[in-house]
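Okay, got some structures for you below.
Look for subunit A in each of the two complexes below; its partner is subunit B in the first and subunit C in the second.
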Partner chain A sequence: MLRYVLRRLGRGIVLVAVVAVTTFFLLYAGSGDIARTILGDAATEETVLRKQQELGLDRPVSVQFGEWALHAVQGDLGRSWFSGQPVVDAIGSRVAVTLALVVGATLVSALVAVVLGVLAARTGGWVDRVVQAGSVIGIAIPGFLLAIGLVFTFAVTLGWFRPTGYVEFARSPGGWLASIVLPVTALAVSAIAGVAQQVRGSMLDVQRQDWVRTLRSRGLPERRVVYLHVLRSAAGPALSVLAVQFIALIGGAVFVEQIFAIPGLGQVAVQATGRGDIPLVLGLVIVVTVIVVVVNLVVDLLQGWLNPKVRRS
Partner chain B sequence: MTLSSPPAEVPANGSLAASARRPLFRRVLHNPLGAVTLVFLALVVVAAVFAPLLAPHDPNAVDARNVLAPPGEAHPLGTDPSGQDVLSRLLFAARSSLLGALTTVVVASVLGVGAGLVAGYHGRRFEASASAVSDLLMALPTVVMLLAARSVIGPSSQATMAILGIMIAPAFYRVVSNAVVAVRHELYVDAARVSGLSDARIIGRHVLTVVRAPAIILAAGVGGIAIALQAGFDFLGLGDLSRPSWGGMLNTAFSVIFRSPQQLIWPGLAIGLTCVALILLGNALRDELERTGGPPARRRRSPARSRPVDEPVHSDDDRRESTADDSLLDVDRLSVGYDQPDGSVTVVVPEVSLTARRGEVHGLIGESGSGKTQTAFSVLRLLPPGGRILGGAIRLGGQDLARLSEREMTEIRGRRIAYIPQEPMSNLDPTFTIGHQLAEPLRITLGLGRAAAKEHALTLLARVGIPDPERTYSCYPHQISGGMAQRVLIAGAVSTDPDLLIADEPTTALDVTVQAEVLDLLRDLQSESRMGILLVTHNFGVVADLCDRVSVMREGRIVESGSTREVFAAPQHDYTRMLFGSILAGTEPRGPLAETGPDPATKGLPA
Partner chain C sequence: MRSRKRLSALVAVGVAAVMLSACSGGSEGGDGSSSGSLVLGSPLAPTTFAANDVSWANEAPYIQAVYDTLLRATPEGEIEPWLATEWSYDDERTVLTMALRDDVVFTDGTPFSAETAAQSVLGFKGGTSPYAFLLGRVADATAIDATTLQITLSEPDPGLLHGLTTAAGVQGSPAAFDSPEAQTSPVGSGPYLLDTAATVVGSSYVFTRNPDYWAPETQYYDDLTVTVLDNAQAQMSALQGDQVDVVNLLDSSAADQLEASGFVLHPAELDVRSLLLFDRDGQLVPELADVRVRQAIAHAFDRDAILQALADGRGTVTGQMFGESSPAFDPGLDQRYPYDPDRARQLLAEAGLANGFTLPLPQIPTGTTIQYDLIRQYLGDVGVTVELTQVPLQNAIADLTQAKWSAGLISLLQPATDWETAQTFLTEDATWNPFHRPDATVEQLVATIQQGTESEAAEAGRRLNEYVVEQAWFVPWYRVQSVIVSDSDIQVERQNDNIFPYLWNITPAQ
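Entry: the complex of A and B
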């Protein structure tokens, strides 16, 4: 088991390293005129050159990378070209907000999707058809469109929630909850749709297995067979889909944060992207990749717990 | 938006394209959902292509005196906050949306299909590196990577969409390489290679036909994702602001959501409907392909068609004793059928009657498809989905099992009837330990405590001949052998001390040596507990070895029934005689293929 964890961890570290190197070179090689962009068209050639020197852009990319990497392994991802703020601080102050949204949406979708998927697989008939049709639509509708629809319906028309804005948990837990209901819903719908389809499918697959019949032949009650045994086997594939959805949710958060004016990573990302703030963008890519690696590691551990066979591979 | 998961599960196998006899396009038009989505998408394409002709105004013409105008003659859909004509912008925006989606789909499919063909066809080294790259791309959060790319390439929509194509290419790669690997080993591809066709010709003719359908389905889904993402970027203001776009229009509308919420309607509908249409089109395509590729309808066997049957032959003592008090299980004119999707019922067992007695082993023998397993599952009331008992009675003690509710039946299973399956390895839950699976029925069905259940389970494991019960108890099913697993299943079946044990070909899947051991074990257990056994088998050896009594089954009916000794000594029914006749054992053993003696190759040659 320990070897299994270590191998996964090793693969994760390699992934982060590969992403860091690739992104660094792509970003810095493509950032030729960045000093000009920062200073604006009115700046003289001389000031542009001085800015380039100041940012270290006049040196070869490999030298820049060496310096950056040396700092990066010590936890220093450089400073924003615009605000001068350390990248780690700029991201660190926002990451909790985004994670709250994404983790919240993931938990909500896991719960709702399992209920819907099991319901569809167990009852069949029109319930099944409604869940299936709903899943297709849920997957197809872009999340930001749904978010706008939610703002319009529940905030503008019905007035149940404030249309935008974020309340910090420390200031008012109730207000915090109210401020993330709509964003989390907007994010969760597509994840629910994807995971519910998978839960339904694997429930149907597992129910056909021979051992389910044997368990029933032992006189175990239907509930126990379905919710303990079948669901446990069906949970593995569903968990894999949930992991994929989690990554997609980080992307979805970029749009949703913008619509609901939530100060998370998405806002930082959009601003940094628009201005060409390369150190910040690079930092974001690395932080998000680390999050993805951690999530995948947790999912792998859960898979190992769910299905002992996985532990060997 | 689920970027990383293509919306339609694309079955990557050869049967897909092989089934596409009629042109896919025409078949999708006959599918209601397919027709509606295709027509809608065609309208979007027409709008995009003929936007300059259709649009009543210059999409970028600003009219500050006429902002947020309601729909009217001059502006059929009204004007936006800068007085631009909504309809004209909507039409022109369709251009950039479709162009962007096209860019993504072309880049993704060219890269993915190309790499997939090479990896699947030539394999090995290229496949290893292509798969590594594909895994890497799939693991990355698409939106964040696109934002990063956007920060250096600027607001060029096409470049961003091309990069999206690169990031989505692994979806095509996986589908194609799987399909190619599947088809590469097909005989007709071998034949083409042997007949001297070049690799390029083989790929073009045989491989591409297989890959085409799944790739088209995937392309529809990718198109939907691309339109959604491009609209999202435009909405964030990261797109090319100089041209009208649906996302940009939505952004403008969102900023006046309190003043004029109806502004949201048109761009919202355009994005939403186009995305949904593409995804639904993918689903319709898949449905059409799967409909023809589905399994052939089960052979119909209606009860009306069945010819008159001769009464089963009973040896005298059998008939006399069948009504006696020691009867344990009495199956009386049982018929079993399966509901078909078209509402009809396929009868698999038209009528079967048999009696098993307390303390006896009753063999149910017949060739495969004779309905013996269906009969066994009916007694357990565990027929596969769609199967049900159509008529007749299954009496166990005083109760008719065919009429019990599911709840009442749960009380019977385990306590009164137990079951030993055919395939040991597929009949243990892979996610729980052997111990858990043995102890659970003891606790739930018999109501033992945790410790008592474990102790009893360990005793059972020792009883069925498992050398190290403690170790096996904590093993998972994949850690033990097939013979061991069958012993575990036997232990589980007898654990709750049933009156009747149904054993469905309990030795078929085992090695010959293990078979004998398992049969011995069954015989010993039976004589210890005096339970009755209904033994389903196709093996006369097993019947001779174990059974007191035998029923011969053919096409869902019992044709002969009696004590094993009598049936073996003097089979009455033609079919029984035929079955005996087809056994190789007892016939004259064939001699060695070659004469023993000097090596035939050298025989007769001059020394």
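Entry: the complex of A and C
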């Protein structure tokens, strides 16, 4: 098991390195005149040249990469070209915010989707049809539209939640909850729809299998058959979908953080990309890649725990 | 059964807690007048707080919160004393002597003096602020005594005093100039202190009242928060949710709806949307060297229809680059090139281009292509074929200002003075004369603005404006209306040459 984990981590490190190198050269190749972009149209050529020197942009790209890589392996990802803030600090202060949204949305979607999927598979009839129709609608509604609707209804009109901004948990647990309920809901709806469909399908598949019939014929209580055996067996594919949804939710956080003005990775990603703040974009790409690698590893380990056959393979 | 009840109770308590905290959160963050706090919504975060490198425009409130300037400007642009109480030029107008206050202390305990002021001036001149050009003619700055600063110029600079009311006049503690934290931890003498612990860089900047401020009567609020709201939806939500007091509206089409909801609008026209014909000598497009061709292009556009199509009528059609607050502004020049496609075709025919020509144009992605469709349509009607090429947003300014294109469509600030307008658009070194084409008439008139008496300078400004309009190097469409929105309990006075109101002009309503 340990060897498996180490092997996966090794692959993950190689992946992060490849992504970092590729991103660095892609960004620099299309970066244009960064100093001019930072200083705007009012600055003179003399000031622009001074800024280029200050940022080290007057050196060959290979030299810049060497210096960046040397610092990066020591945990120093440089400083934002715009704010001057260390990239590690800029991302560090925001990663918890985005993870709160994404983990929250994942937990909510897992919980609600399992309930709905099981209910639809077990009950059938109109309940099944409602869940299926709801899932289609949930997938079809554009996330940004849902977010705007939630803000208008529950924050602006009813005043139940904060329309924008984020409150740290340590500062006010109630305020924190009030600031993430709507963004988490906006993020979770499509994930709930996707995972509920998967749970429903897997449950129906597993219920039809011979070993389930055998369990029933042995006189095991129906609850035990469904919730212990069938659900556990059906959880594998659902978990895979949930893992994919988790990664997609990080992407979804970009628009949710914009609409709710939440200081997370998505907001800083939009700002940094639009401005051409390459050190910050590079840092973001690396952090998100690490998150993806870790999530995939955790999901694989969970799959092994749920299904011994996966562990053996 | 009991556990189900307990669960329901827990859920109910949770929901109640969220709602209560949401309600308290709203008033906590936004209702400036009652709590003595002011919350501003800015479309962008500050580039830096380092005194030598600070920017201005939308970044002004961040900078004005923590720094003082040597001089101040009224909303109409009149220069007023601030850290400098008196000032005078010598006869050649190359030596500026300023008397400074002696009761100002930076937040690190360093006293403000002529010596620190000289270091600030020279530091800014050698720094990387986009506005470093404002001190471009400063040759030296020295302390004559503890409260007398002398700034020596290489040549007269009519824009210097105004520059010292903005970023170029920012006074920081020299002890902090070389600090590695200078960019994020300002050390100034301003009315507020940046609370770095409560600030989330790039998102929300929290300032508290400076208890030792030398002019406490100008500290209108106990604390100040500047929240970055960089999209129209977040701005609307924050305004309507009472989380912010003043916002520079990114989507002015929402203005009417906000006004109907009780918010107060403060419109102003500071930018001009123009087609700029850079290639005055015809280096890339030879046809543009002929003034008749440029005038034909100016006649080709129906500016009223364009204003309606692009800005829903919010703005004013114009034909000149000199702004309304500039002394050289002449309303008569706005009608010099009325929409007249026949006249445009005639001018092109006189220039030997009856069959038209091709004008390459960079297309900058701004979320809509209507403006480029309109250019193609109007110029196509008179025989000019527009060839559009996509340019990445981050390269747009660099490409336009580096003579890569013969023309470009852009919105630019109209400076408040003739001198600055000439420096921005007209002189050989001007940023928006990217081919750096010299022009004897322009140079002569600008020299008079620079060195002549007040009346000579005013006359030269008027003649310069006429000459530039006649040359049709610029084809302005309309002055863009920008809208500041505020709560009804806040009083806002807009500056005649800055997009965001100055901090001390945002006050509790009487």
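Simple rule for what comes next: the second predicted complex is superposed on the first by the 310 of 313 C-alpha atoms of A that agree within 3 Å, B and C clash if a C-alpha of one lies under 4 Å from a C-alpha of the other, contacts with A are read in each partner's own complex, and residues count from 1 in each chain.
In the analysis below, contacts are C-beta pairs under 8 Å (C-beta built on N, C-alpha and C of every residue); 3 or more make two chains touch, one makes a residue touch a chain.
Because the structure is predicted, anything quoted here is derived from the model rather than measured.
S.K.: After the overlay on subunit A, what do you see for subunit B versus subunit C, clash or fit?
M.R.: clash
S.K.: Under the stated touch criterion, which partner chain does A:7 make contact with: subunit B (first), subunit C (second), both, or neither?
M.R.: After superposition on chain A, A:7 lies in contact with neither partner.
S.K.: Check the residue A:258 against both partner chains and state whether it touches subunit B (first), subunit C (second), both, or neither.
M.R.: Both: A:258 reaches subunit B and subunit C.
S.K.: For A:59, decide between first (touching subunit B), second (touching subunit C), both and neither.
M.R.: neither
S.K.: Is A:141 in contact with subunit B, with subunit C, with both, or with neither (first, second, both, neither)?
M.R.: first
S.K.: Taking the superposition as given, does A:165 touch the first partner, subunit B, the second, subunit C, both, or neither?
M.R.: second
S.K.: Going by the contact rule set out at the top, does A:276 touch subunit B (first), subunit C (second), both, or neither?
M.R.: both
S.K.: In the superposed arrangement, which partner chain does A:191 touch: subunit B (first), subunit C (second), both, or neither?
M.R.: Only subunit B; A:191 stays clear of subunit C.
S.K.: If we overlay the two complexes on their shared chain A, which of subunit B and subunit C does A:71 touch? Say first, second, both or neither.
M.R.: A:71 contacts neither subunit B nor subunit C.
S.K.: Answer with first, second, both or neither: which of subunit B and subunit C does A:44 touch in the superposed model?
M.R.: second
S.K.: In the overlay, work out which of subunit B or subunit C sits against more residues of subunit A.
M.R.: Of subunit B and subunit C, B contacts more residues of subunit A.
S.K.: Do any residues of subunit A touch both subunit B and subunit C, and if so, which are they?
M.R.: Dual-contact residues (subunit A): 30-31, 148, 151-152, 156, 163, 258-259, 270, 274-276.
S.K.: Could you pull out which subunit B residues touch subunit A in their complex?
M.R.: Touching subunit A from subunit B are residues 1-5, 7, 136, 139-145, 147-153, 224, 228-229, 231-232, 235-238, 250, 254, 257-258, 261, 264, 268, 271-272, 275-276, 278-280, 283, 377, 380, 382, 384-385, 406, 410-415, 417-419, 421, 423, 426-432, 437, 440-441, 444-445, 476, 478, 489, 492-493, 496.
S.K.: Quick check on the complex: what are the subunit C residues that touch subunit A?
M.R.: Within the complex, subunit C touches subunit A at residues 14, 17-26, 29, 45-48, 50, 55, 126-133, 136, 182-184, 200-204, 227-231, 233-234, 237-238, 240-241, 243, 392-395, 397-402, 412, 424, 429, 431-432.
S.K.: Quick check on the complex: what are the subunit A residues that touch subunit C?
M.R.: Touching subunit C: residues 30-34, 36-44, 46-47, 50-51, 54, 82-85, 89-90, 93-94, 148, 151-152, 155-156, 159-165, 167, 172, 174-175, 177-179, 181, 258-261, 263, 267-268, 270-271, 274-276 of subunit A.
S.K.: What part of subunit A is in contact with subunit B in the complex they form?
M.R.: Within the complex, subunit A touches subunit B at residues 15, 18-19, 23, 26-27, 30-31, 136-137, 139-145, 148-149, 151-152, 156-157, 163, 190-191, 193-194, 207-211, 213-222, 224, 229, 232-233, 241, 244-245, 247-248, 250-252, 254-255, 258-259, 269-270, 272-278, 281-282, 284-285, 288-289, 292, 296, 306-309.
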